[in-house]
Amino acid sequence: METKLEAAVIGGSGFTGLELLKILNNHPLVAVSFTTSKTYDGMEISEAFPSYSDKSCTKKLKFTVIDKIPKKELSTIDVIFLCLPPLQSMEFVNDHLLDFKGKIIDIGSDFRIKDPENFKTWYGTEHKLKNILPDFVYGLPEIYKEKIAGSRFIANPGCYPTSILLALAPVLKDESLMIEDINIDSKSGVTGAGRKVKPEYLFCSVNENFFAYSVLAHRHIGEIEQEIEKLANKNFKVSFTPHLLPVNRGIFTSIYCKVSGKGREIAAGNMESGKITAGILKSFEEFYKGSIFVKFLGPRIPQLKDVVGTNMCQIGIAFDDRTGTLKIFSAIDNLLKGAAGQAVQNMNIMLGFNEAEGLVV
Amino acid sequence: METKLEAAVIGGSGFTGLELLKILNNHPLVAVSFTTSKTYDGMEISEAFPSYSDKSCTKKLKFTVIDKIPKKELSTIDVIFLCLPPLQSMEFVNDHLLDFKGKIIDIGSDFRIKDPENFKTWYGTEHKLKNILPDFVYGLPEIYKEKIAGSRFIANPGCYPTSILLALAPVLKDESLMIEDINIDSKSGVTGAGRKVKPEYLFCSVNENFFAYSVLAHRHIGEIEQEIEKLANKNFKVSFTPHLLPVNRGIFTSIYCKVSGKGREIAAGNMESGKITAGILKSFEEFYKGSIFVKFLGPRIPQLKDVVGTNMCQIGIAFDDRTGTLKIFSAIDNLLKGAAGQAVQNMNIMLGFNEAEGLVV
Amino acid sequence: METKLEAAVIGGSGFTGLELLKILNNHPLVAVSFTTSKTYDGMEISEAFPSYSDKSCTKKLKFTVIDKIPKKELSTIDVIFLCLPPLQSMEFVNDHLLDFKGKIIDIGSDFRIKDPENFKTWYGTEHKLKNILPDFVYGLPEIYKEKIAGSRFIANPGCYPTSILLALAPVLKDESLMIEDINIDSKSGVTGAGRKVKPEYLFCSVNENFFAYSVLAHRHIGEIEQEIEKLANKNFKVSFTPHLLPVNRGIFTSIYCKVSGKGREIAAGNMESGKITAGILKSFEEFYKGSIFVKFLGPRIPQLKDVVGTNMCQIGIAFDDRTGTLKIFSAIDNLLKGAAGQAVQNMNIMLGFNEAEGLVV
Amino acid sequence: METKLEAAVIGGSGFTGLELLKILNNHPLVAVSFTTSKTYDGMEISEAFPSYSDKSCTKKLKFTVIDKIPKKELSTIDVIFLCLPPLQSMEFVNDHLLDFKGKIIDIGSDFRIKDPENFKTWYGTEHKLKNILPDFVYGLPEIYKEKIAGSRFIANPGCYPTSILLALAPVLKDESLMIEDINIDSKSGVTGAGRKVKPEYLFCSVNENFFAYSVLAHRHIGEIEQEIEKLANKNFKVSFTPHLLPVNRGIFTSIYCKVSGKGREIAAGNMESGKITAGILKSFEEFYKGSIFVKFLGPRIPQLKDVVGTNMCQIGIAFDDRTGTLKIFSAIDNLLKGAAGQAVQNMNIMLGFNEAEGLVV
């Protein structure tokens, strides 16, 4: 425990960055060497954000800016986390990390979409680092654990995609189900929008309120469809509709899949009892048997409150025989399993630690 | 203003009953003669519920029980509202109102489903008053205003069905759209569940939480499909999934309709701008031109906070060309447009008053 | 009902201004002729704020700016409401209303403090209209109803002062109680801060949070002490500590008065039962006998939810014999009884209408 | 790390018990051997409460009842936590633990008040175990750390008393301040009331609401005054008024102390700037220098959100020179520093661990 590995957090004052700093502050095997923030440069984290307190009484971590970090200090970093807005991660890597030898975990969105054309469609601009784009592994450990373990670069998944892909993976992998149509209705807490000071995120704009937004072209669709295709070996266009929930944290996703042909027989169950056939239940159970951070509830519906504050994803399912609709419900904490927690999970895997080290189940 | 018409409220201490008492307390043309509550029999309303204050300083309305009301007093009532749990309205009508000469507005659920077999399917028991069941007009004024005006008995729609049917009516009426599939994801505030003292409705169970419930067979489906069939002249089985929102009041409904063939061309629009063709916009605008209580927002998404405390239903739409999905969003206050407010709107129409008398737009 | 009186609302797009527009939109005897907003100039209110819908289907009220209002149109206005930030009302009156013949109700804070020196202490600047400052009646109808009825200019009380002065008036008037010390701990919903787009009013800054602010020198203290002195015929320095509640609307005030000497005997009661002597109870009951908008609950504690959405102030009391502390609790809706509602109550009184016209009890 | 010490949790299904189980589930040096719950006997914790997931994938902890625990198993327990309602801890100790050799931490309220007469006054019944009552150390580590380290029995402080005593200790210890009067206005989140299924704790009863309760004789007063007397060497009767906040967790306490004579000079500062003299600031800083779980903010006001989810107490102060009032504000998470977290802090101290082991700062 004496010699902890060294981490750096770029963009430590956003919701995700701060959450990451808190996790690492309590992590037994890793210590943060530096963290950056333009707004709070020179300020102690615990002063800028009283919700953060250094576990060590003697050393108080301060925010800095990247230009004040000597090259030499950067070279001793074992793992660097990027918590930057869209399009800034690739700039940062380009400017500062091209000859960095440690591991990079990008919690931003720049390295998730592998096809540069597709990236351009959803992010409206050319990708700056097409050459290293393929080296970034999509960091969803329940699906790509081995790849993550052997990788040096991670593209940490988006919050919505995490809640959606974990819910869909077992049924997409199961070809017998014949999924025909995927309709996704997600609901996110307000931290999902980041620390933006805009009228629509004021307390009186959100409290006792609810609404849909970005109803036609949310950027996460590109990432979702890319991964669905990889899971199903088949192209799907999904309808995705995000909504804003009057809660601080958490994403609850309801997915409606039309099931047809033989799949319908497999899925069909008893409407009154809400039971579904053993087949689908077993698919989920087996898929997530070894996964400490996914809890499959069977026909029980997950609740946001049961995952908030943890790195868990909870999933429940139901089959509506009247309409041939398989309903899958998932819940995660958007700042943990949907961002900083999953990033640390990826780090643990990459560094050979226990996957759950420093994380709350 | 001197001689107000006389109203009675059966079941005045539930959320809906109390809301109704408050509206009528401020209504310029109607006064409540009596209201019943077993729990609060003999108690002043303003004592049992400090949120209610009699507008008159001299007369304090008290709760009573129906057995203490002399037949003669009942006979002077112009309009009686029933705010009773499922299966109790038909018992009450059977026991007390078979020779009542005034108007009856049932805010309960017993007279909404017209086919007794269908009623049995969804409510699990034989209907007690099959003979007068057909006399109850489904009280959705934006669709059945004339019938309501000429009727003596009203079955006030359920809260979910109100939010759903108002959103769907213009597209169901428009055959050219070729709607193929209807998937409904509704989110309701907690008053929708009534004043039940159960662990799942405790503050700590709901606050900062969100989840789906009754995901396979919510009773409102029977009512929704009955009315959809009447609007579309066609049978639809709808997938309906209600969720519990951590807010006191309001229902936000997201409806996803698959549009095909010629309908898709009609609906197709510009993904980037979120615009949809003039055709569908015009359908909605024309359908609700004269309706004071429906506000069609076009491509703007409604928000719960803009309708809470009012009798309004606000509706917005979007067409996702990538997947051929027409998305319709509606917002109502479940206790007003979804219950007591719509009941007063029906009363106003039946009594020949201004439709908005005593109601907040 | 044909010829309504004409009102104008200056500053119609803030929380208070919009609330006022909504009340007047439903008022049977008054109609808004124009309303101003720099931000929304030229825009329909119902477009800028979908929560507002014109009761008339044919005429849509638009925001304008004062410079576009012809002098002639201003001269037909019966009552003008000012909903402006501190220091702007006196500018507006100076610039536009010096020869205005109608009634002025200032919901801002410029005309509440009568002593120009005192005004300067709390607002940090010289008063611009010392000559007409004395003409503004402090618009707390439960105390100054007659003066209000005979006045042309009203200084509508602040939200905190309303909740505090209504709670204190009966005991301050009663000299036998020998109040020695007044300690006020108030808690306000977020609309009390106005529609400010600042980090501290973001949803994630307020939700699941609570804190005190302006703990040493809140501006309302000047107004509170001025009115206490008038009521008690005695000078009091009060300790006042406002807190921010994670709710949209409402102020709950807890007042702790040390009672001494004979007052203590009068107040002393039974700790176990929470009863207090008939004497104090009677003081409150008599003081508020004729007041439709104050509900005295005796030893019952008021709750915020029972007044939100209404123009009521609810008050309850308790006497702690162990420490000689009289505890008074009051609850109001800060946007109604604390601002726009009380302004309309004042207008009703000034215009000779029923005091409760257009207001919800 | 191999051989963890063994803990038992009596009453594991209440809010505090469950919180404790979660902390211990993540504690590196202690493991729970058994936990009891009458309601959930035989059920896996993670099944009864999906918010709990066993960190070990192989062993699932189940609830049991005490009668099913063999005496032998009880004898191997190193530390037993009691999370029981008032009056039940002393029954449990009497029935099961009189010859228990391990450590006992009572999170209930039975062993806090040392004087049996005083206990009877506040709890209405005779104490059952007067002989061992003196052996229980009041478990407030920031004040009694050494005693705790040497003790076998701990009376874990109440949630309100923790927030109050930590805020008062530095000024009570400082005789030069001449505190004359202590008025406490506390605001607690709903978990403070436990998992009671009562109408007043329903979501719709609490959300968007706020009120005071137990305004005359809250049981915690006995405990608060006992400890104040020990700190100040002087008797104080305090006025204490608890309020219910519409949040899940957290207590915010505002304390108003009248300071007189020389104390007033010491405290006096600059009203405009909100600064207070270095003297009081230094008292607090020194008092809490070595305390990892108390963060003194000086003249900055603490916020509930900054402590929720942590074991921290944050404190800020202000001196109102106009009225001679020293205002002290404190914030804690009622389930952590106010209950389960502090209990683990006590356990860590008793077992010779790092005080913060397994706890979030």
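Labels A, B, C and D are assigned to the chains in the order they are written; within every chain, residues are numbered from 1.
Rule of thumb we're sticking to: contacts are C-beta pairs under 8 Å (C-beta built on N, C-alpha and C of every residue); 3 or more make two chains touch, one makes a residue touch a chain.
Here the structure is a predicted model, which is why all the values come from computation and not from measurement.
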| item | value |
| --- | --- |
| Copy pair chain C, chain D: interface residue numbering same or different (half cut) | same |
| Distance-maximising chain from chain A - centres being C-alpha averages | C |
| Between chain A and chain C, centroid-to-centroid distance (C-alpha), Å | 47 |
| Interchain centroid distance [CA atoms averaged], chain C/chain D, Å | 39 |
| Centroid spacing, where centroids are CA-atom means, of chain B and chain C in whole angstrom | 35 |
| Junction residues of chain C, two or more chains touched | 205, 208, 246-248, 302-303, 305 |
| Residues on chain C engaged by chain D in the complex (per definition of touch) | 181, 183, 185, 187, 205, 208-213, 215-217, 237-239, 241, 243, 245-250, 252, 254, 256, 258, 271-272, 274, 301-305, 308, 318-320, 322-323, 325, 327, 329, 331 |
| Contact footprint of chain B on chain C as seen in their complex | 22, 25-26, 28, 46, 49-51, 53-55, 57, 208, 290, 292, 295, 297, 300, 302-303, 305-307, 309-310, 312, 314, 356, 360-361 |
| Contact set on chain B toward chain D in their complex | 15, 190-191, 195, 197-199, 201-208, 246-248 |
